[in-house]
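Could you have a look at this structure, given as structure tokens, before my questions?
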Amino acid sequence: MKDKITALDLAPAELSEATKAYFAKCEEKLGIVPNVLLAYAFDETKLRAFTDMYNDLMLGQSGLSKLEREMIAVAVSSINHCYYCLAAHGAAVRQLSGDPAFGEIMVMNFRAADLSARQKAMLEFAVKLTEQPDKIVKADRAALRQAGFSDRDIWDIASTAAFFNMSNRVAAAIDMRPNDEYHAMAR
Amino acid sequence: MKDKITALDLAPAELSEATKAYFAKCEEKLGIVPNVLLAYAFDETKLRAFTDMYNDLMLGQSGLSKLEREMIAVAVSSINHCYYCLAAHGAAVRQLSGDPAFGEIMVMNFRAADLSARQKAMLEFAVKLTEQPDKIVKADRAALRQAGFSDRDIWDIASTAAFFNMSNRVAAAIDMRPNDEYHAMAR
Amino acid sequence: MKDKITALDLAPAELSEATKAYFAKCEEKLGIVPNVLLAYAFDETKLRAFTDMYNDLMLGQSGLSKLEREMIAVAVSSINHCYYCLAAHGAAVRQLSGDPAFGEIMVMNFRAADLSARQKAMLEFAVKLTEQPDKIVKADRAALRQAGFSDRDIWDIASTAAFFNMSNRVAAAIDMRPNDEYHAMAR
Amino acid sequence: MKDKITALDLAPAELSEATKAYFAKCEEKLGIVPNVLLAYAFDETKLRAFTDMYNDLMLGQSGLSKLEREMIAVAVSSINHCYYCLAAHGAAVRQLSGDPAFGEIMVMNFRAADLSARQKAMLEFAVKLTEQPDKIVKADRAALRQAGFSDRDIWDIASTAAFFNMSNRVAAAIDMRPNDEYHAMAR
Amino acid sequence: MKDKITALDLAPAELSEATKAYFAKCEEKLGIVPNVLLAYAFDETKLRAFTDMYNDLMLGQSGLSKLEREMIAVAVSSINHCYYCLAAHGAAVRQLSGDPAFGEIMVMNFRAADLSARQKAMLEFAVKLTEQPDKIVKADRAALRQAGFSDRDIWDIASTAAFFNMSNRVAAAIDMRPNDEYHAMAR
Amino acid sequence: MKDKITALDLAPAELSEATKAYFAKCEEKLGIVPNVLLAYAFDETKLRAFTDMYNDLMLGQSGLSKLEREMIAVAVSSINHCYYCLAAHGAAVRQLSGDPAFGEIMVMNFRAADLSARQKAMLEFAVKLTEQPDKIVKADRAALRQAGFSDRDIWDIASTAAFFNMSNRVAAAIDMRPNDEYHAMAR
């Protein structure tokens, strides 16, 4: 039986008021506290570092729309077959796009999706960076500029793809389980 | 000619007093401001998120020694052929181990190094997590426990290996250049 | 725009009465005529060959339950990132298991699912056969027998995994689009 | 000792008159009953489904010559290192081309063969479909059209390559042994 | 048309008497001068270095039989899909084993051959060394010792497998063509 | 403890006067006898064959500079993660280029180095030949000619890359240890 959030037994920390408030806000906004936050909550320093980076990348100001950032998250997680991230960010793509089928395609194979040239370039870069980071060369950045991305956009594509390469591996290493609620969201 | 720190043109931000002080402290302690910090400095929120996570992982309290964490950094970066991270963290391994040849081996192939069973288990996990995150199963965590690692140690091994899978990809995506000083350090 | 069932322009054949009846039965039983059948319908000989093999494998008598055969279909299609088969057979796993989340996990990474030893052995064989068919040796069949499978069961596991390695590639080659209905089924 | 046709012990079925006649015809035309047929003969439904699909693909009407279809069979089987299919279809290429050395090259590495642009395009598509089905995109189909193939031809290339990705895996899974006669045929 | 021995235009050297004699001896013993020798003959120093190493490895004193050395040659060349070496050394396996079918299996997939435990261990080592040289560890050598090989035998297995990893790549790089005679030898 | 030069116990041969002289010359010129020579010294025929080929390739007349040949050695060894060759030839690149940082980059990822178009073409060919020898085609040779290389240069690039694919594997198979001196050379 897989009831636990992760495969590790980590003594839960006493949550600070700030963290309790943060979790309450998640509950209110999303209907759940995402399990990834509960997994990190055994240590508030680690939780804070994770959420600061995550919130800046996924919710902060960027030339990429929030949907585009979630599309990167899902395309990368599909390559890495990350159950947690596909469940959580697949739901986000369904929600932000308002198109459940589109969320499914992104989980399964982004190349089957009906994408703009801009989005194809963005995802091909994210996926090459995932599969063969050592083979990224000048021409790969040039292809992004050609597709209309600014240098700041390239930073954001790179950082988002890189972040999920981290996150996928934390989740895989500790068998992090997504909240059941994700599966039914935005269908 | 490759004089720039990255391949991107990002308008430099006005540095806050806190950041200036942080950079001054780096300069004092390490003799340099690591280029990765300068690369992130175009946006202090991103810089802060990066350094908070990095400092907790690499310098914070852990059952892994600082050297062991640097060994994970280098083993992962060797798989991903990340020039920036191998230069910077290869230097750290040389320094912390007091054994320049050991730093070199770790850059080249950790399997050629003379490691304890504990360290082998730690690095084999980190490398499998890098190469095939989707194939991590219960038996992989059991091997770490068998080698004497606690669940909290497993978290730290996983987080460190995962972090460098992120960091390697940010560096690769934007062609981040290490400070020249790394090459000569601790030889 | 991706309205067509495949990327190929193939002159539709005049359907025989038998085929019309078959499609009507699909419509009645499933609520749809699966697009794969419409894709093959340009040539009734090909359609018949495909459905005869498919129906025997997936619906015929076997030591594997229908759910187990669908699990093989999805695990193989997940490795091959086949959009058509993941959409269609992911729905089947949701339906036959009565557990929507289980269907999702199988699409994303079967190793994250809570499986019996028997099912793990079955899927590890199917996936090795998919990824490295040339490396299947005696020990791989022995592992299946060890897990309780008969030689006839091994045939069925092999044939089903092999069939979807075919089917995934036909779908990929011609950009076969699944019926929209699959996405919402059995949620 | 490897005297058996497969590694599985499957109770042989009583052969129907139709199957006996079919095997007699094989014997007469080819001098042998191909072992693949004997392997499937434990269940006539499965045998029929297999031969119907095989005969349509490899012997039916198509814009691809029989030799071209056999070339696809061998190029795919070479990637998958399938002993059965390389033995049987390598012989077919030798026979249909009248050029024993050509059959050998196809088994070893089709890229070493002296092929027309059309045949190169056909085999590069078949091999990409074998190795990376998830990466087939519009441009891959366009390359086939550019090389002179019709949409119906693309179907046939795809179906043939896909079929041998199935067949290779059935053979690998059960250690199917080719008839000894193949080795000496058409030398 | 592929009449040339390689894809390179290299001015032929005036052959020394020693080389002429060596080629005459080849002609007498094998019925041909292997094209690899003609390919290297544009420079006698290179030719000599190649033949000295080759003759020592393949014909010199060793705990491995000549057939076993040829089996390594073919197993490695099969992984690398080297047309030249599979044609030439496939013929050698047929000849030395007196079993044409065995030569074919080795070209196609050594794992399908009926091998002794000793030979399996030898070839699994050779193939791992070919595919993942960086992952060879103590346990791999221990498996060879377990199978009865001396340390000198391990040297010979390693050197032979390594040599064909070189030779396969020279042949691939310059499109070296095997003598037509190989195809018909020892059938 | 790893004091031995290799993991094998091979009875040392009595060295001939010629070999003693050769080793003395190494000592004089390089300050060391490279361990690879001591490893081969158990058998003078093997030692001679190795040094003859090595010296011709790396020190003989060629359109490639000695530095370029060492760059190929290091780029290939980096792909194969060969500790011995990266230590020894990394030192050679540092020495011949007079640029220690350049030697480091080549060990870590040649794509991060600031190379001429000629050198990029040379190394991309060497690395493709290392990773996918079976996929080298006419266009790959054409790219070298386009970059200004003669057919004889192509031979030298191919032979050097191929040689280190051999050498890397001998070293990996027997755990060959580089001389300690390499690490500090030319820093």
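We call the chains A, B, C, D, E and F, going by the order they appear; numbering starts again at 1 in every chain.
Here is the rule we use: a contact is a pair of C-beta atoms (placed from the backbone, for glycine too) under 8 Å apart; a residue touches a chain by one contact, two chains touch by 3 or more.
This is a predicted model, so every value here is computed, not measured.
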item	value
Any chain in contact with subunit D as well as subunit E	C, F
Label of the chain whose CA centroid is most distant from the centroid of subunit D	B
Between the pairs A-C and A-F, the one where more C-beta pairs touch	A-C
Most distant chain from subunit A, judged by the mean position of its C-alpha atoms	E
Rotational angle, Cα trace of subunit C fitted to subunit E, multiple of 5°	120
Same-interface partner of E-F, chosen from the options A-D, D-E or C-D, over half of the pairs matching	C-D
Averaged-CA centre spacing for the pair subunit C and subunit B, given as whole angstrom	43
Averaged-CA centre spacing for the pair subunit B and subunit A, given as whole angstrom	22
Subunit C and subunit F: spacing of chain centres that average the CA atoms, whole Å	50
Subunit D: positions in contact with at least two other chains	81-82, 109, 111, 134, 136, 175
Contact pairs between chains, per stated definition	A-B, A-C, A-D, A-F, B-C, B-E, B-F, C-D, C-E, D-E, D-F, E-F
Residue ranges of subunit C touching subunit D (in the complex, touch as defined)	7-10, 45-46, 48-50, 52-53, 56, 60, 80-82, 125, 129-130, 133-134, 136, 138, 141, 151-152, 154-155, 157-159, 161-163, 165-170, 172-175
Contact set on subunit A toward subunit C in their complex	1-2, 78, 81-83, 86-87, 100-101, 104-105, 107-109, 111-112, 114, 175, 180, 183-184, 187
Subunit A residues touching subunit F - in the complex, by the definition given at the top	134-137
Residue numbers on subunit F that touch subunit A, as the complex places them	109, 111
